[in-house]
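Heads up, the next two complexes both have chain A, just with different partners, chain B and then chain C.
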Partner chain A sequence: MLGEYTDRPGPRLRASAVRVVAVFGSVLNPVTERDRRRRRVVALCAPFAILVAIAGAYPLLEVVRISVSAEQYRSVGFSLAAYETLFTDPYYREVAFNSLWLAGGTALASVGVAVPVAHALEKYDLPGEDVLVTLVSFPISLPGIVAAFMILVLLGNNGLVTNLFAMLTGRAATDLAIAVSASGLFVAFCYSMIPRATLILRGTYSEVDHAAEEAAQSLGATPWQTFRHVTFPQIRPGITGALILTFRTGLAIFGTLIVIQTVLVWTLQISRELATGYNIQVAGAMATVYFLFTFAFTAFGLRYTDAEVGL
Partner chain B sequence: MTVAPSRRFGRELVTVILFLTVAFLIAPVLLTFVGSFAGEWSGVFPSEFVTLRNWREVLGLAETIGSQRSMGWDSLLSVGGYTLAVPSELLFSIGLALGGVFINLVVGVPIAYAVARYDFRWDEWVSAISVLPLVPGVILGVAFLRAYPDLSGTSFGLIVGYSLLKAPFMVMAVRSEFESMPLQRLEESARSLGASWPRTFFTVIVPNARSGIVSGAIICWTLAAAEFNFSYIVWAKGTQPLALFLQRHISNSSFTRAAAAVSMFFCIIVAVTVLLQQVGSRGFDPRG
Partner chain C sequence: MARITLDSVRKRYGETMAVDGVSLTVDDGEIVGMLGPSGCGKTTTLRTVAGFETPTAGTVSFDERDVTHVPPENRNVGLVFQEYALFDNMTVRGNVAFGLKMRGVGKSERRARADELLDMLGIGEMADRDPTTLSGGQQQRVGLARALAIEPSVLLLDEPMTGLDAKLKARLRDEVGDLLTELDVTGLYVTHDQEEAMLMCDRIAVMNEGRIEQVGTPREVYESPATEFVSEFVALDAPDLPFVRW
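Moving on to the complex of A and B:
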């Protein structure tokens, strides 16, 4: 009765309004088991929905609104001046480019390291495996600023690796220190991302079919052939998922950049817009572009690849 | 007959990569901890052991030249002339993170159950939204400044922000626990014994998922206690969250003192992880 199709907009609108009211009615005052079930789902999702609405959706809408405002401090009128600046000024194009190559490069490098690490942890019987898992997971709880400090400890002027190389080559440590450079930043990003990628890939590895691998081995396949043709197709969803996640993580990194300020990326530029003259329009426009880009990228990644949804 | 290189070296190579990665991740952590007890650190390794000066300075127990750099102390309670004082940044961050975890429990456990137990329209969307971080801290910080200019820098604003940023980790941990449980059977047996649905949820389902809930709480707490990006954007005045305190030391202090500040943070992470694991394995266990 309610789903009845009609060409005229009036009754169709009324029919859908009736249907919405009927759903609300069934949630508030359930009659059938199906209604009660629906009420449970609504009740279970409600706290999360409230948090997302108050702390996520509304503030983001306010940011979108100010980014097209005609005045600096109030949301009035409509102006695309901030977006015009973003898309025409070569300065912002370079900032966007920096963000993309840094996040993309470190995502590839981190997942490239995480595959053998997860492979060794899940496939081999290593002594002290639990300890190794704990050690690899520990940096997940370290914020970006601490990751940056770790890189200073390794590659800075006083750094361990720097001084080892200085001793071996006889050159001055200050010439070899790369912590405060683009490559140092690259390593710092990997420090944050390798543990996360490993976590995802270990989950994928735990579902791999061992029987097929053993069959391949007993038919004479080398370990590499087994990995390439049997294991790899099974872990591919995990690899795609890990790439999507680490790329998103890479774009969002900010603390690391506050300590090692050598490459100007999108997030750092947003904070600079606010710090110098509280340019909330441009900061808002940058936040909007960022949000739309990551949303589209993630939706695309999940829709058109076999990636597993995960953190 | 030649042996394929992957049969000869493959396993060794992969194992070497694993150990190199562990060394890369953990060596600086250990070196920092050791360095925090050193008086001087200008060569490969720190020297002039053992001194507690860095720790005393970081914790605000020793006078420092720029005294605003060390931690302030708040008196918690005074009994008969003795005052129990606590480092204020530390206590502040612990409280903020606990507040965030509390909100995460309230919002995260139910939605994880909805996604794991029921099929409903849009359930794929709900599950994707609940486990993917919605926005990064910097963007959320800008949004909070704009939408709640008076509230964003307060403790309440920080707690709400942390809870939204870290909610996906709670949902992930709890959901994977729910997915490993026979939910339908549990629910149906409890209900056939006469329990109402809310009673079933709170007294049967949730206690059975405690290990997932505890590990979710551990992850959320450590991540919220160390949250930097959002705090950096919205924080305005008063006691600093721990991550800002760390950043101030990393950027401004001597290397050994920064090492002490970072090591103090390592100690907190390790202590809380061990503590909550103990609670998770003993405190809630009806059989234990």
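Moving on to the complex of A and C:
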């Protein structure tokens, strides 16, 4: 009889509400150690919760509201015209495609480079390791605009690498310069993303069971076989985490694109929507789609990793 | 199985001499214990035999073959670790069959060999289990089965009983001791536990500060210690003598 009773939604809902009220009550007036612990957790998380509500949830809801506004300068009425534009206009499809391939390619290339770097840094005692770690890590703190500038200095018409290749091949530097091209942009993106991927992978590598690697070697596995069968399964969560992080950050890059505007991507287009004609409904719709996509992508990706990327 | 010969092996890390002129022969089918306190160089010596450390000076040979500079994967050494070092991404059977897989042995053959060894060690019914779900003693048996599966030239055991509770340790000690005798394995058994060394090994090399102080049968080491250090180290917690392998 009890089963019959609790299976009905009304009483279940009431029971849940009672539990929630009881939890709130225990936070306000803790009695047991569990209550006190709960209260400490609430106290520790409260500043962030307030920040999420004020600086996260509210602006996001406002952006969504703007995206469905029927008028340009006021949030009134309801219209899906901006979304219709986004999903039907081939121009926006191309912008989306550009964003995906650039961020996806950057993620793959960055993680591809970061895996051996993290492997070398964590597995071996390298001379001048502190300097190497600093060199690998410092681009994280560089704004994208500076990274782009550095790519110009290296791969532009007067760039060091460009002129070195020009000298070696006898070709004109202007024919070899790739800074202001999709390739240059790709290199700039990788330059910013490799340190991030390395950071995550170094953390993952530090937890690799080196004894298991040695066991594999003693059993006849070559270094490559050891990596494939023993190391790789251990770092896979880190690789997934690094791919999520670099892909997501690749989608968010904007500063680099201000200098190297050779590929039109989502963030740059949002800027243009606002700058040209103040097309705020489409900009809002783009921001909303962007948020939903990255949120869903991260949530999906995290099902396959326990790496600390977070939503 | 092969004879292990260490000839004047030295291993230096910067200013620290971890192994200082160790010479030792482990005969074919013999189990020699390397006994000493923490940091005395016994594990470094074992790692040098395994190929994970290259000696600063001296040579390591298996029978007549100088293996000093042979990489670990080409030494055919079975290694049993204190911390088990099992492959968590494989089943128990996968762990035991791993070395055979690396040697290109066919699937059915390596499965049969793995099952045979697991049965021999009394954990045959756990072949399909995730190794992380096993107890410490069971994990160590998997580690031993994995090392023996490749029919190694030499078996190296690095404090394999450390971390196990006293009751399990006593049982595993008897079982593993019998198994190693039965398989006629050439082994180097590193431990800081005097009782374990005396019960498991044919001979004992007592190490201190990177040097071997004495090599002898458990009775010789116990009854006629060559140095004061051996006397003090071995006399402590002396085992129940009638059960010692001598």
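Methods note: the second predicted complex is superposed on the first by the 283 of 311 C-alpha atoms of A that agree within 3 Å, B and C clash if a C-alpha of one lies under 4 Å from a C-alpha of the other, contacts with A are read in each partner's own complex, and residues count from 1 in each chain.
In this text, a contact is a pair of C-beta atoms (placed from the backbone, for glycine too) under 8 Å apart; a residue touches a chain by one contact, two chains touch by 3 or more.
What you see is a predicted model, and the numbers here were worked out from it, not measured in a lab.
Considered on the superposed chain A, chain B and chain C are sterically compatible, since they fit side by side. Between the C-alpha centres of chain B and chain C, as viewed from that of chain A after superposition on chain A, lies an angle of 90 degrees, to the nearest 10.
Using the contact criterion defined above for the overlaid structures, shared-chain residue A:P30 touches neither chain B nor chain C, since it reaches no partner. Of the two partner chains, neither chain B nor chain C is touched by A:G104. In the superposed model, A:P139 lies in contact with chain B only, and not with chain C. Touched residues of chain A were counted for both chain B and chain C, and B has more of them. By the touch criterion defined above, A:D209 reaches chain C but does not reach chain B. Legend: residue contacts after superposition of the two complexes on their common chain; A:V230 is shown touching chain C, with no touch to chain B. In the superposition on chain A, contact of A:S218 is made with chain C only, not with chain B.
The least CA distance from chain B to chain C in the superposed model is 8 Å.
Common to the chain B and chain C contact sets on chain A are residues 222-223, 225. Considering their complex, residues 36-38, 40-41, 43-48, 50-52, 54-56, 58-60, 62-63, 66, 113, 116-117, 119-121, 124, 126, 132, 135-136, 138-139, 141-146, 148-154, 158, 160, 163-164, 167, 191, 194-195, 222-225, 227, 248, 251-252, 254-255, 258-259, 267, 270-271, 274, 280, 283-284, 287, 290-291, 298, 302, 309-311 of chain A touch chain B. For chain C in complex with chain A, the touching residues are 50-52, 71-79, 81, 83, 85-89, 98-99, 102-103, 143, 146-147, 150, 156.
Contact residues on chain B toward chain A in their complex (touch as defined above): 4-7, 10-11, 13-15, 17-18, 21-22, 24-29, 31-32, 35, 41-45, 103, 106-108, 110-111, 113-114, 118, 120, 126-140, 142-148, 160-161, 163-164, 167-169, 171-172, 197, 219, 222-223, 226-229, 232-233, 243, 246-247, 250-251, 255, 258-259, 262, 265, 269. Across the complex, chain A meets chain C through its residues 209, 211-212, 214-223, 225, 229-230, 233-234.
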